[in-house]
Amino acid sequence: GHVLADTHRMIRQGFPEAVYAEGKTPAQTFDALSALVAAHGCALATRVRPEMAASLQQRFPTGVYDGGSRLYRVGKMSSSFPSASVAVVCAGTSDLPVAEEASQTLEFAGVPVKRITDVGVAGLHRLLSRLEELRAASIVIAVAGMEGALPSVLGGLVAAPVIAVPTSVGYGANLHGLSALLGMLNSCASGLAVVNIDNGFGAALAALRMLNMQPKA
Amino acid sequence: GHVLADTHRMIRQGFPEAVYAEGKTPAQTFDALSALVAAHGCALATRVRPEMAASLQQRFPTGVYDGGSRLYRVGKMSSSFPSASVAVVCAGTSDLPVAEEASQTLEFAGVPVKRITDVGVAGLHRLLSRLEELRAASIVIAVAGMEGALPSVLGGLVAAPVIAVPTSVGYGANLHGLSALLGMLNSCASGLAVVNIDNGFGAALAALRMLNMQPKA
Amino acid sequence: GHVLADTHRMIRQGFPEAVYAEGKTPAQTFDALSALVAAHGCALATRVRPEMAASLQQRFPTGVYDGGSRLYRVGKMSSSFPSASVAVVCAGTSDLPVAEEASQTLEFAGVPVKRITDVGVAGLHRLLSRLEELRAASIVIAVAGMEGALPSVLGGLVAAPVIAVPTSVGYGANLHGLSALLGMLNSCASGLAVVNIDNGFGAALAALRMLNMQPKA
Amino acid sequence: GHVLADTHRMIRQGFPEAVYAEGKTPAQTFDALSALVAAHGCALATRVRPEMAASLQQRFPTGVYDGGSRLYRVGKMSSSFPSASVAVVCAGTSDLPVAEEASQTLEFAGVPVKRITDVGVAGLHRLLSRLEELRAASIVIAVAGMEGALPSVLGGLVAAPVIAVPTSVGYGANLHGLSALLGMLNSCASGLAVVNIDNGFGAALAALRMLNMQPKA
Amino acid sequence: GHVLADTHRMIRQGFPEAVYAEGKTPAQTFDALSALVAAHGCALATRVRPEMAASLQQRFPTGVYDGGSRLYRVGKMSSSFPSASVAVVCAGTSDLPVAEEASQTLEFAGVPVKRITDVGVAGLHRLLSRLEELRAASIVIAVAGMEGALPSVLGGLVAAPVIAVPTSVGYGANLHGLSALLGMLNSCASGLAVVNIDNGFGAALAALRMLNMQPKA
Amino acid sequence: GHVLADTHRMIRQGFPEAVYAEGKTPAQTFDALSALVAAHGCALATRVRPEMAASLQQRFPTGVYDGGSRLYRVGKMSSSFPSASVAVVCAGTSDLPVAEEASQTLEFAGVPVKRITDVGVAGLHRLLSRLEELRAASIVIAVAGMEGALPSVLGGLVAAPVIAVPTSVGYGANLHGLSALLGMLNSCASGLAVVNIDNGFGAALAALRMLNMQPKA
Amino acid sequence: GHVLADTHRMIRQGFPEAVYAEGKTPAQTFDALSALVAAHGCALATRVRPEMAASLQQRFPTGVYDGGSRLYRVGKMSSSFPSASVAVVCAGTSDLPVAEEASQTLEFAGVPVKRITDVGVAGLHRLLSRLEELRAASIVIAVAGMEGALPSVLGGLVAAPVIAVPTSVGYGANLHGLSALLGMLNSCASGLAVVNIDNGFGAALAALRMLNMQPKA
Amino acid sequence: GHVLADTHRMIRQGFPEAVYAEGKTPAQTFDALSALVAAHGCALATRVRPEMAASLQQRFPTGVYDGGSRLYRVGKMSSSFPSASVAVVCAGTSDLPVAEEASQTLEFAGVPVKRITDVGVAGLHRLLSRLEELRAASIVIAVAGMEGALPSVLGGLVAAPVIAVPTSVGYGANLHGLSALLGMLNSCASGLAVVNIDNGFGAALAALRMLNMQPKA
C-alpha cells in the first residue's frame, strides 16, 4: 500500500511512530497501525474521529478509543518510569481534550501522570494551593488557551522543565490559538519549552525524551 | 497655518487635546501647543524627540521635557482628584518609558499616582508583596511587554478597573508588541480594558474618563 | 469532576465567575453552574448553543436562555446601581447579539441599561439625534463591526468612559473582526477602553469594575 | 540605458508616466525624467529624497521640489479643469505629506484643489463646520491614518466620489497603516474607492480618471 | 423594532440604504426592506441566502431573487443614465457571482451594463479582442480572484476610471482573497480604485457616485 | 575556523556552494570563499555590502564586485551552455538589482543571458514588442515588485519554464514584497516556478538545474 | 454561455486549459469541458467534488474521476515523453491527494511517473534508501505539509530540478499550509521552484514546461 | 532605583535572574547586575551592545563581554555537570551569534558544551558525519534560520531532548525568523521543544531545567 510506517523509530527514539489520523482514510490508518502493532506489539493513533474509531474497533478488538482526546490505542508500551511523575496542568475545563492527549500518551508509554485541572491564573489561589504537588513533579506540562499565561506563572514557581502547550480555546483575537502560542514563546519566565497549538501528543513526547535522557561519556 | 487645534475638547471631555509630535515638524508642534496654551493655559505633547524638545524649549521657557517618556508639557491642568489614586504597575524595567507616559499624563491632570515597578509574573512574590497597595488603588494601570501576562494576574486579584497597556518590549515572536496585545485582549480575567501598544497616554486618558464619571439622572 | 469553579471570585471582584460554555460538554457546564448557584444563588453562562440550553433547562427550571446573545442565566445578582446608567450603543442591526450579551450581563448584575441601536457613522444624523441620551449615560459601551468607527466618533462626543467592542460582522478584509479591533485600538479619540472581538460579556464586566470603583485612602 | 519610459501613456490615459524614484539611482531618475520631458514637455517624480532632488536640480534648472510631499516636477501639463474642484481633506497634521502628494499632483495636471486640514472625526464639529465646502466639491479625497475613520463619515455626508487614502501615521497596532487601510476597505459608507497606504499620487490619478470620464455611445 | 433604516441616505447620496442580510434574521431583513420600500418605493438586500429569500418572497410578491449574486430586490429606482455604460469585466467564470452583484446593483439604479466574462490575463488575446468595447465604457469594473492581475492590465489599456474588485476565488496562499486585494492595491497601473474582497455591491456604488458627479461652482 | 564550506556540492549539484554574506563577518566570508576557491578554482558571494567588498578585494586581487547586485565573484565556472539562453525580464527599473543578481549568477556559470528591462504590464505594448525574443528563450526569469503581475502575463505568452521572482519594490500594502510573492503563487497562468522575495540568486540556480537536466533511463 | 475556454492555450503552451471546478456550477464545468474536448479531444478538470463528478459522468461516458485527487479527465493528450521520468515524492500518507493531483496530471500528458511515498525527513533512512531512484529522475516533485522540510533535503541530494509543493496537512501553527510554504521559499538548498499550497496541478505543469524546453538559437 | 532584581530566583530555579539589557539604560543594567552579584557572586546580562559593555566594564573590572553573542558576564556559577554534555548544533555560519548565546550561557552555569557548526540539511553528509558526537550528547540544541529544517532532521536521528532555536537569519518570506519558527513548531519529528526566535539564552535555560531534573517521590 501507500503507507510506509517508520518502524525503526522505536529503536532510534524509544517511542514508536504514532499515526496522525487526520487526512488519512480508515484503510490507511488501519494499515499503518497494523504494521506498527506487528513490529512493536502496540500502536497509537492521534486525532481519530468517532466514525474512524468505530471502523478501527472492528479490526482491533483490544483497541481503546477516548473520545475527548481522540486517541486510539492498541496495547501499551512495555517501558515504565516508576520513580518519575509528570504533572499535566490545565488552565480551564475547555483545555481538557488537549491535556488528556498528553496524559494518555504518557500513560501509554508507562509514565505516571498527575492531573491538575482548572487552575488558570485569573484565580491564582487555585494554582498556589497545588504548589506542593507541582514542585513534586519531575516535569510540568502546562496547557492553556486564550492568553496562555499559565506556563509563565508556573515557570517562575518550579525549577523543573516546563513544557508549554497552547490551545485553540478562545475566540476573536485569539486567532485560533496564536495568542496563547505567542504568549508562551515570549514568556518572561526563562527556559519554557513550547510545542504547537493543541499538540498534547508532542508535549508528551518531549517529556519522554527528557525522562529517557542519560548522562553520556 | 495647517494646524487646527481642537480647543473644544477640554469642554467636551475634560482634557485638552494633546499634540502627537511624531510626524510633525517642530513648527507644527509649536503652533499646536501655542494654540492650546492660549486656550487652556497648559498643553501636553507626546512622543517628542530630544531635538524637537530642545527647539520647543527656546519658545516655552517654562516647558518641561522628560526624555524617558518623551512627554513635553507646558504648565499643568487646574483639576485635582485628592481622594483618588491610580496605581501604575509595570512588569519590567524596560517598560518604564510607557509607564511614565501614563503616570506623568495623570499627574499633569492632577491625579495622584502610585508607581509599582518591576513586578512581572515570573517572580510572583514581588507582585503578591504589593497586594495591599494594589487593592488600595481606585484604578490599576498594568504595563507589560513580552507575553503581557501581568494584567491577567492583576485582574484576578483586584476588583478595581484594570487598564492593560501592552508594550513593544521583546523580540522575535513578540512581533513588536502584538504578543502582549493579543494576550491582554484574550485574558481569562474578565473586564480588562485594553489600549494600543506603548500607549501610556491613552491609558491615562481612559483612567481620567473613569475618575470624571458621575452617576447621571 | 474536572471542573473547579472559582467561587472566591465574587468576593475578590464583586461578580461571580461566569461559565464559558464553548468547548465544554453539557455535563461540565451543568457542574460549573451548579457549584456557582450553590455558592452565590445565581450564575451566568456565555456562548451557550440552543441544544445545550435545552439540556440545561431540564436541570434548572428557573433558568432563562436568550438565543440572540446565547446567554443562559439562573437567578440574578442582588446588587443594584439605581443612580447609574450604561448606554449600550450599536452601529448596525447585525451587531445586536454582541450588544445584547453586554446589556443582559449588566442587567443580571442590577445595572440599568439604555439601548441605542443602528446608529452607525455612515448616517451620522442618527447618532447626533441621540446625543442627549448619550451624554446622560455614566458609561458608554459602543459595539461595531466592519471598520468599527463608532467608538471613535462617540469618544469625541462624550466625556464618559467609552468601552469599545469590535464585532466580527463583515467579510473579506474585515478578517473576522480584526479590522474593527485595529480601528478601535488606533482611535484618535483618546482614552477608549477596548475588549476582544465579540466580547460583549467582557465589556459589561469592565463597566461593572468602573461602577464599583470607589475613591480610596 | 536601462530605463524605458512609457511615453505612450499620455495618449492612452491622459497623464504621462510618473517616475517612482524610490529604489532608483539619481542617474536612472534623471534618464527617465529626461525622456518624459522630451516627449511631453513636463514630468513628475514621486518619493524623491532631498539629496536626489539637489542632484536633479542641477540638471533641470526649472524643476521644483517640495520637501513635504517629496514630489519633483518639471513644468506642468497643459490640461485644465476650470469647472471642477477636488477637496483634499485630511484628518491630522501628520497626514499632510500624503495629502500634499495628492494636491500637488492634481495641480500639476491643472485641477483646482480645495485643501481642508486637521478635521479628524474625534472632533466632529471641525468637519461639520466645513460641510458646505465639502458638498461643493466634484470629488473628495480623504486622507487619514490611525483608525482611518474620516472617509466613512465623509462617505455618509456627500454624494460625490470619495477616494480614501490610508496613511502610515500611528504606531503599535496600526501596523504601518494597515489599520487605516482595513478600516477604509470595510467602511459601512458604501462606494468608497480605496488606494494603497500613503499613496496620495494614486488618489490624484484616480480623481483624474473620473474628471476625464465622458459618457460614451 | 431594533432596525432603524437610514431613509435620508437617498437624499444625501442618490442611492437608498441597502440591507446587508448576513447576520440578520429574516424578520429584521423584512423590517428594514419594508421601511425602505415605504420611503422610496424600492429596496435592495445583499448576501441573501436562498432560505431567507423564500421567506421574503412570501411578504413581497413582486420581489426578485438572484441565487448567483444573492441579491434580493423589490422594485427598481427611477433614475436612468442613458448615455453612460459601465463595463463589468471578470477574469474567470468563478468570479461571476461577484460580477453579477455589481452588474445587477447598477441595473437596479438604471445604469446600462456591458458584461465581459472570462478574460483573465493568462490568455491575453481574450482581453485584447474586447478592447474596443472596453474603451467605449464610461467606467470599467474589473473583477478578479487569485492574483488579481486583470485591473493592472486594464488600467494600462483604458483612460476611464477602473474599479478593482478582488474576489476570494482561489486557495492556499490566496488567503481568502487577500492576494488579489494586495495585488490591486499595489498595482503599477496608476489610479485604480479598490474595494473590499467580494464587494461587487460597493463597486457598483462607487461607479454610481462617479456617474452622479457634476462640476460644481 | 567556524566555517565549513560544502565543497561536495559542486559534485552533487553542478554548482559550488555560494556564500551568503549577510550576517557574516568579513573574516568568515573570506574563509568560506578561500575554501571554495581552493576546491573549485572559483567562488561567488551574495549580498555583499560595499565595505565588505573592499576588504575582500585586498585578499582576492582578481575578485570582481558589482554594487547593484551586491555579488562578489572570484573567477568563473568552466561550464558553458552555448545553445541555451535565459531571458531575464524585469518590470521596472527598481527591480534591476534583483534581476542582475540572477543574470550575473547565470553568467558566472557560463549561461548566455538576454536582458529585457522595464516592461511592466501597465504598459503592455512594451512587453508585446519583445515577444519574439521572449519566445526564443529556453527559460524566462520574470522579476517584478508591487503586484507582481508580469510572470502571470508572461506565463500565458510563452511555453518555456517561467521562474517568477518577487521583489520588495513598493510600499504600504506591498508588505515588503509579500504582495508580489502572493500574486505569483496564485497566478492563473499555470506552472510558474516561484522563488523567495528578492532571490535572484535562487532563480538562477533553478534555471541551472533545468539546463543541466537530462532524460534518464 | 458565460464560459470562454482558452482553446489557444494548447498551441501557446503545449497543454490545454484545465477547468478549475471549485466555485463553478456543474453546468459551467460541463460547458468548459465540452468546449475543450471539442477543440483538443481531451480535457481535465481539477478540484471536482464527488457530486459534480457524478453529474459530469452522465454527460461524458468515457470520463474518469479519481476521488483522492479530485481530478476529472476525459481522454488523454497525445504527447509522450518516453525517455523522461518525473519522481513524485511525498513526506506523509496525508499528502497523497496532492501528490496524486501532480502524478495523474502528468500521466494525462503522457509523462512517466515514479511515485515515492511516505519518506518524510523525520525518518531519514526511508529517503536515503530511495536515493538511486531519486537520482535517476529527470525532475523531482517534492510534496510535504507540516514544516515542509522534504524539498530542502532533496534539493541537497539531487542535481535535477526540484519542484516543491507545500500541503495544508497539519494544524495549529501550520496556518493551513503557510508553514510548509514559507519553509520551501526560504530553503537553504538553492534553486527550488515553489508552487502554491496544495497545487499538485501547478507542479505538474511546471514540470511539463521543463520537459518541453528546448535549446533555442 | 526602579530596578527590583528577582534574587529569589536562584533558590526557586537554580539559575539567577539574567538582565535583559535591550531597552535598559546603562545605569539600570548596572544596578540590576550589582544587586545580582551582591546576592549570588555572579551575574549575566544578555543583548548588551558594545557601547554599554564598555561602560559596564569600567564598573566591573572582572566582567567579560563577547561581541558575537552580546553576553556580558561577571563571574561564573558554582554549579557543575561533569557527566553531562550539551551539543549546540547550528545550520549556518550566520547562526553563530545565537548558538554562542546558548553555549556561553551553559558554560556560565558549569555545563560542558560540544559545538557543531555549519551542518545545515542542504549538505546532509556534513550532519551525518557527526552522528556519533550527536548521539553522545545528553541534550541537543539545534539552531537554524531560513526554513529551520535542522531540528526536524536531528529529531529523527537522536533520542535525546532536542531544543529547537529559530533564528532571524534570512530575508524576504522568512519574515524575520517566523518561517524557521513555524517550521520547528510543525515538525513531523515528534517531541521538539521550541523557544523564541534568536533566543539562545532561553534554550540554555530549558536545557538547565532538564539537567537539574530529578525523579521525585
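The letters A, B, C, D, E, F, G and H name the chains in turn, as written, and every chain counts its residues from 1.
Assume contacts are C-beta pairs under 8 Å (C-beta built on N, C-alpha and C of every residue); 3 or more make two chains touch, one makes a residue touch a chain.
Bear in mind the structure is a predicted one, so any value in this text is a computation, not a measurement.
Of all chains in the assembly, those touching subunit E and also subunit H are F, G. For A-C, the equivalent interface within D-E, A-B or A-G is the one where over half of the contact pairs agree by residue number, namely A-G.
Averaged C-alpha coordinates give centres for subunit C and subunit F that are 56 Å from one another. Centroids built from CA atoms put subunit E at 35 Å from subunit C. The set of subunit B residues that touch two or more partner chains comprises 9, 92, 122-123, 156-157, 172-174, 178, 181, 185-186, 190, 196.
Pairs of chains in mutual contact: A-B, A-C, A-G, A-H, B-C, B-D, B-H, C-D, C-E, D-E, D-F, E-F, E-G, F-G, F-H, G-H. On subunit E, the positions that touch subunit D within their shared complex are 9, 12-15, 18, 83-85, 136-139, 156-163, 181, 185-186, 190-196, 201-202, 204-210, 212-217.
Looking at the complex, you find that subunit F touches subunit D at residues 92-94, 96, 117-119, 122-123, 125-126, 169, 171-174. Residues 2-4, 6, 8-9, 17, 20, 22-24, 28, 32, 47, 166, 168, 176-178, 181, 196-199 of subunit E touch subunit C in their complex. Only residues 91-92, 120-124, 146-149, 152-153, 155-157, 170, 172-175, 178-180, 182-190 of subunit F touch subunit E when the two sit together in their complex.
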